[in-house]
Amino acid sequence: MSRSVVSEIRRNHINELLRKGARMDGRGPLDIREISVETGVIDTAEGSARVRYGDTEVLAGVKMAIGTPFPDTPDKGVLTTSMELIPMAHPDFESGPPGGDAIELARVVDRGIRESGMVDVGKLCISPGEEVWMCFLDIYAINYDGNLFDAAALALVAALKTATVPASNFDKGEDFPLPITCLPVTVTVAKIENTLIVDPTFDEEMVSSARLTVTSDENGDIRAMQKGKSGSFTVDEISEIVDLAREKGEGIRKIIG
Amino acid sequence: MDSDIVMVDEKGKRADGREADELRPMKIEAGVLPNADGSAYLEIGKNKVLAAVYGPRECHPRHLQDPTKAIVQCKYNMQSYSVGDRKRPGPDRRSVEISKIISEALESVILTELFPRASIDVYIEIMQANAGTRCAGLSAASVALADAGIPMRDLVPSVAVGKADGKLLLDLNKEEDNFGEADLPLAIIPKTDEVVLLQMDGHMTKEEFDAAMKMGVAACHQIYEMQRDALRRRYSVTEEEEVEE
Amino acid sequence: MDSDIVMVDEKGKRADGREADELRPMKIEAGVLPNADGSAYLEIGKNKVLAAVYGPRECHPRHLQDPTKAIVQCKYNMQSYSVGDRKRPGPDRRSVEISKIISEALESVILTELFPRASIDVYIEIMQANAGTRCAGLSAASVALADAGIPMRDLVPSVAVGKADGKLLLDLNKEEDNFGEADLPLAIIPKTDEVVLLQMDGHMTKEEFDAAMKMGVAACHQIYEMQRDALRRRYSVTEEEEVEE
Amino acid sequence: MSRSVVSEIRRNHINELLRKGARMDGRGPLDIREISVETGVIDTAEGSARVRYGDTEVLAGVKMAIGTPFPDTPDKGVLTTSMELIPMAHPDFESGPPGGDAIELARVVDRGIRESGMVDVGKLCISPGEEVWMCFLDIYAINYDGNLFDAAALALVAALKTATVPASNFDKGEDFPLPITCLPVTVTVAKIENTLIVDPTFDEEMVSSARLTVTSDENGDIRAMQKGKSGSFTVDEISEIVDLAREKGEGIRKIIG
Amino acid sequence: MSRSVVSEIRRNHINELLRKGARMDGRGPLDIREISVETGVIDTAEGSARVRYGDTEVLAGVKMAIGTPFPDTPDKGVLTTSMELIPMAHPDFESGPPGGDAIELARVVDRGIRESGMVDVGKLCISPGEEVWMCFLDIYAINYDGNLFDAAALALVAALKTATVPASNFDKGEDFPLPITCLPVTVTVAKIENTLIVDPTFDEEMVSSARLTVTSDENGDIRAMQKGKSGSFTVDEISEIVDLAREKGEGIRKIIG
Amino acid sequence: MDSDIVMVDEKGKRADGREADELRPMKIEAGVLPNADGSAYLEIGKNKVLAAVYGPRECHPRHLQDPTKAIVQCKYNMQSYSVGDRKRPGPDRRSVEISKIISEALESVILTELFPRASIDVYIEIMQANAGTRCAGLSAASVALADAGIPMRDLVPSVAVGKADGKLLLDLNKEEDNFGEADLPLAIIPKTDEVVLLQMDGHMTKEEFDAAMKMGVAACHQIYEMQRDALRRRYSVTEEEEVEE
């Protein structure tokens, strides 16, 4: 996400359009691209989803196994989130272990899931201190055209929502749906000059000075946030973004609800 | 090897209803990824595979550059949820070997001498695995190369021939593979029937081997037709789109 | 979340005697390391943090060079004995993320365009940790940058606002953090109150969030004064020393 | 094995000779270099062998220890094969973890041993599901002048054939010979222009377009194969190579028999 | 410690001064810089010390946990020493896993502690073969101006001397002081042209041809030595250095005694 | 340390029949590997060691090049089956340290200033280990350097002096080393008796140390003769071969 440079001409074009309230792909500043969500796409996964935000495409899969809990949470299942920016998804992505961008993405998506209590990990204990369900939440970027935060978060939420705990495979009784308590939704807003835009494309990300990612729940409460890039926001802008994220989040929630 | 398991019934049918020399249902779509220079999606049985091509582009790292031709770098990757027990992300010894032999097979058909110092990068992602992923990946990759407009002598269809219950069976699925006695993945250049990928493990007599090669080559020609269909569909769709504009 | 734990007593005092909006005792010293171009030592509560700056210097590795400006590379590192259970040396995912957001926050105030192709390297070592180390590290780092004479728009004070027992509490210590319901680290440019670092996890209503931002920004201004004091002391000491010579 | 380039003159010389049915070192196309096999060369190993094919020299050692079996084969010992192309062996080899060439070599050699059932792993179980013998099969290239596949495979087969299970060291009864069922032999054939040659040297490998490695057993049955390099074989050539490998393999088997 | 080069002028200056028995910072050849030792500087560590030799500054911390002993020493606690040359300490130090210099430093410091029997590891056994105290001895170079060997060794000895075994945290009875038997002290002598100097600075290290590090105990006996760099010592010089190290060591021992 | 173990009997003989100051049986052969520029095989007691030299050649990676002289890069490696419990392949901390001190010792005799920017690469492989491998490796490496025709001031013989049962014993074998009280590996330049490698661990009085140094230096001279014999044999064989042609 760092090597690419947008040409000066394209940069100017994006800026000029935005001053008139328009974007390259015809959207208004606060419009989100068409979202598509397909679940159950991977038979070998306990839950899976393929999500598109325009040309950005992400695949998330949930695998489960039995393991030992952490000593400080002996009666809780374990969630582990990873994100891979595979080189298939963009000419700038390289092979190798996850770099800073992929790690930040995984951690921000993970916090949205974890802090909202979306997965009821208390119900994933088999035998306290000994056996709990380990959930591996793996996300692959398939095609990157901006806003991986929101696409990755939505793919993972959709995969979890439709996941089944494979208890019978492990002789632990009948399979049951992964216990879900709520549907956190993540919305990212970027700042270009002094305009706030929702769901930035790759080119818009390159031109933007700062980004704010907000995860909110059904009540409109805030569960996680992450500011990115070396620009800044005013306190008022932040408050406005949070409201935007809560409002837009409600719409997105309906897609997977 | 367990004699209670019957791979082929008295009528010569396999558990999934196939004949001994029948491929699993197969589907190929070219041009599925916006960013890549070329791409393809392939399903065969329960395998789901994506292939993407970037290049010819600057070779990175530089010390791998060849002043006389492009190098072909394939990375075969199994996604973590593609198999029964979660696979740890990142390359393992198996995927390193598979990446190497697929790179070699693709290099045999690409006109690499047209692009000195360049790299042609091929990425194969196994989204869902059910035996035969290396062949599925290679079949998909050659469609992706064609979609990218890379000059090639031909496409490279690939399939494995197996042996189970003492019988040669085309294109084993996972259940068959688990009880199989031999596996022979191969890939050919259909125009000349040259073999560009070949591996074998298990136990075969020379006679069985010769018969297996024959069965594999014939099946490659079937796959070749499906590869060409996918490219034809892709091309005609593009034409229509262009007309519409 | 355990209701037996009382974070704030009936008089509004916290277990360590602080008011809800009170910082832990804090101490900053600039210019503590002979080799670094700039450095600072910072204590806040039981946190002990060192920050050092090298640069602007040649950017290494080269492919990271930017022909239009200096890049800011921060490495945040927890020393192995700084926490309850020994931390394995080397970067983990948490420290990679923190290094990234601190780099971005510092870049927002450094006049990087004055030093094309250069690197400004910032090292933050957590010697002793007790909640709030990323904010402590960032506050120390911006003093170290000033000590190094790097041209900046302003210093960057940073602090976290927490929520525990349903109440907003400034600058949580470890005991409070363990039972906290939310944490919101932030950093500002005091001259303009622009926010350059912001994270949140936990559970806050919009109203709580707005109040927390207010509390955090106000506390950053307090820290800003201490940062400026540290630099003034450093500067005056240097002057005295120079006079003595 | 990739950086070296053979000069145009040498390449032409090799080609011209071969068109007359001759090779640089005086061999005919189907001749194998002189093979030497020494076993028991390493006292600290449970079995060992030093094998030379002309100037190609390889050292293989077998170490054994007690470990837990894999869950899906609870009553079977475990074989683990590694191959190191140490920088001592050739100016192109570099320090560091095994690269693609070394990994392919180890895996092909391993398949020959494993698929032939040479080691009777069923007799390496001490207590099902709990304790089995782990066999570490480590191969080092000492000097590389082509055809590491065959030299490595032969060294490992010779080391295994002469290995002793060190049961008494682990208080598991008396030592006993490693249970061996057969002697798989590996033969590699390379293609230069349209000529097939057996046991290529380094220079011949550089000039060749394709390679086929075939492991066969006492019955002349095929146990493993691996085609390499970016050239191709016709189906007839492959059939011819398999026959060659079975015939040459019989001769080599006598050396270690 | 390898990239830096001292300018020819500075090199000549150091040499000329030394021929007159003087050093850049006013010391005589056999003088040690001012040493400062602060213990108990890290609350989260079981023992800690911050040591300065002039501008060279080092931080050492001891962490303890319960673990399983090595099979060949079932009734002994375990010591593990690491040294990090963090990039904060010197412009030549780079991020990443410890390189050759850091590994040599850690191993030499470790040998001084281990071979002197300073820590009575026999008293760190909780249950033979099952539970012993694991001691992680971690040293960080904070500012590097030469002679890290002596500063690191002294910091670690001071940290160990003041360390407490945190038994109560692990429900293993009351805390008790880490059992210490002696105070080994490490002294490094460098050779510049034909002069021996004690406690070299960074510039002096760069100019020196060889280094000898000697650890001695209260009785003046030798516990560990390490020669470094590509120069040589005569046998007589070595004998002289050992005497110097024993004598200087006694003085340093008093600082922490 | 166990008093039941007797290292030296009443007649001063060791368990393997050696005198206190006697080396184990030793054998050196130069020029054993066709590809390397120089090589040597060395056995001492049950140690079996190979050394190979490549260079002077281009220094790789480049940033290690020294414009004033060649750098000497030694890699000491224990093969996995060389010891009782299998050693995991790849470098560990011990081998990194040993590689470093052997590189330094060899650099002390090589006329590196004749080959600016070059690298002289020395590889030591321990095929079978029985105490004293670093000294065996260094002794072999200096013969390999001479075999490669690298200009040197002298060879570098190396041996360890041990202490067991309160007595100084030359060249400990594994059994003695396991119960030893001290170990002192050293290497010298025989022409001048300069010491170029020296380590010690254990417990020695100053008097013991001085005596041990004396014993070690004397033994190095014995090894020196065997090194020179090996090179003479290598040279004469080559001459004969040349005459035969």
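Which chain is which? They are A, B, C, D, E and F, in the order written, and residues in each are numbered from 1.
As a working rule, a contact is a pair of C-beta atoms (placed from the backbone, for glycine too) under 8 Å apart; a residue touches a chain by one contact, two chains touch by 3 or more.
Values in this document were obtained by computation on a predicted structure and should not be read as measured data.
**Q** Touching chain B and chain F alike: which chains?
**A** D
**Q** Given the touch definition stated above, what is the smallest step count connecting chain A to chain C?
**A** Minimal hop count between chain A and chain C: 1.
**Q** Greatest Cα-centroid separation from chain D: which chain?
**A** Checked the centroid distances; the maximum from chain D is C.
**Q** Taking each chain's centre as the mean of its Cα atoms, which chain lies farthest from chain E?
**A** B
**Q** Scan C-E, B-D or D-F for the interface that duplicates A-C, counting it as a duplicate when over half of the contact pairs agree by residue number.
**A** Repeat interface, by the over-half criterion: B-D.
**Q** Need the CA-centroid distance for the pair chain A / chain E, whole Å please.
**A** Distance between chain centres, rounded to whole Å: 48 Å.
**Q** Compute the distance, rounded to whole Å, between the mean C-alpha positions of chain C and chain F.
**A** Their C-alpha centroids are separated by 52 Å.
**Q** Rounded to a whole Å, what is the gap between the Cα centroids of chain A and chain B?
**A** Chain centres of chain A and chain B, defined by C-alpha means, are spaced 32 Å apart.
**Q** I'd like to verify one number: the distance from the centre of chain E to the centre of chain F, where each centre is the average of its C-alpha atoms, in whole angstrom.
**A** Each chain reduced to its C-alpha mean, chain E and chain F end up 27 Å apart.
**Q** Which parts of chain F, given as residue numbers and ranges, touch two or more other chains?
**A** Residues of chain F touching two or more partner chains: there are none.
**Q** Could you list which residues of chain D touch at least two other chains?
**A** Chain D, residues with two or more chain partners: not present.
**Q** By the document's touch definition, which label belongs to this structure's chain graph: line, ring, star, complete, or other?
**A** Contact pattern: a closed ring, each chain touching exactly two others.
**Q** A student should be able to answer this: under the defined touch rule, what is the ring order from chain A, with chain C coming next?
**A** Listed round the ring from chain A, with chain C adjacent next, the chains are A, C, E, F, D, B.
**Q** Residues of chain F touching chain E in their complex?
**A** Those in contact with chain E are residues 72, 93-94, 96-97, 99-101, 104-105, 107-108, 184, 189, 192-206, 209-210, 213-214, 217.
**Q** So in the complex, which bits of chain B are touching chain A?
**A** Counting only chain B, the residues touching chain A are 33-36, 39, 46, 48, 50, 52, 54, 57, 75, 77, 79-86, 89-90, 121, 123, 125, 127-129.
**Q** Please give the residue numbers of chain E that touch chain F in the complex, ascending.
**A** These residues of chain E touch chain F: 100, 103-104, 106-107, 111, 114-116, 212, 219-235, 238-239, 242-243, 246.
**Q** Can you list the chain D residues touching chain F in their complex?
**A** Touch residues, chain D against chain F: 41-45, 48, 55, 57, 59, 61-63, 65, 82, 84, 86-91, 95, 97, 136, 138, 140, 142-145.
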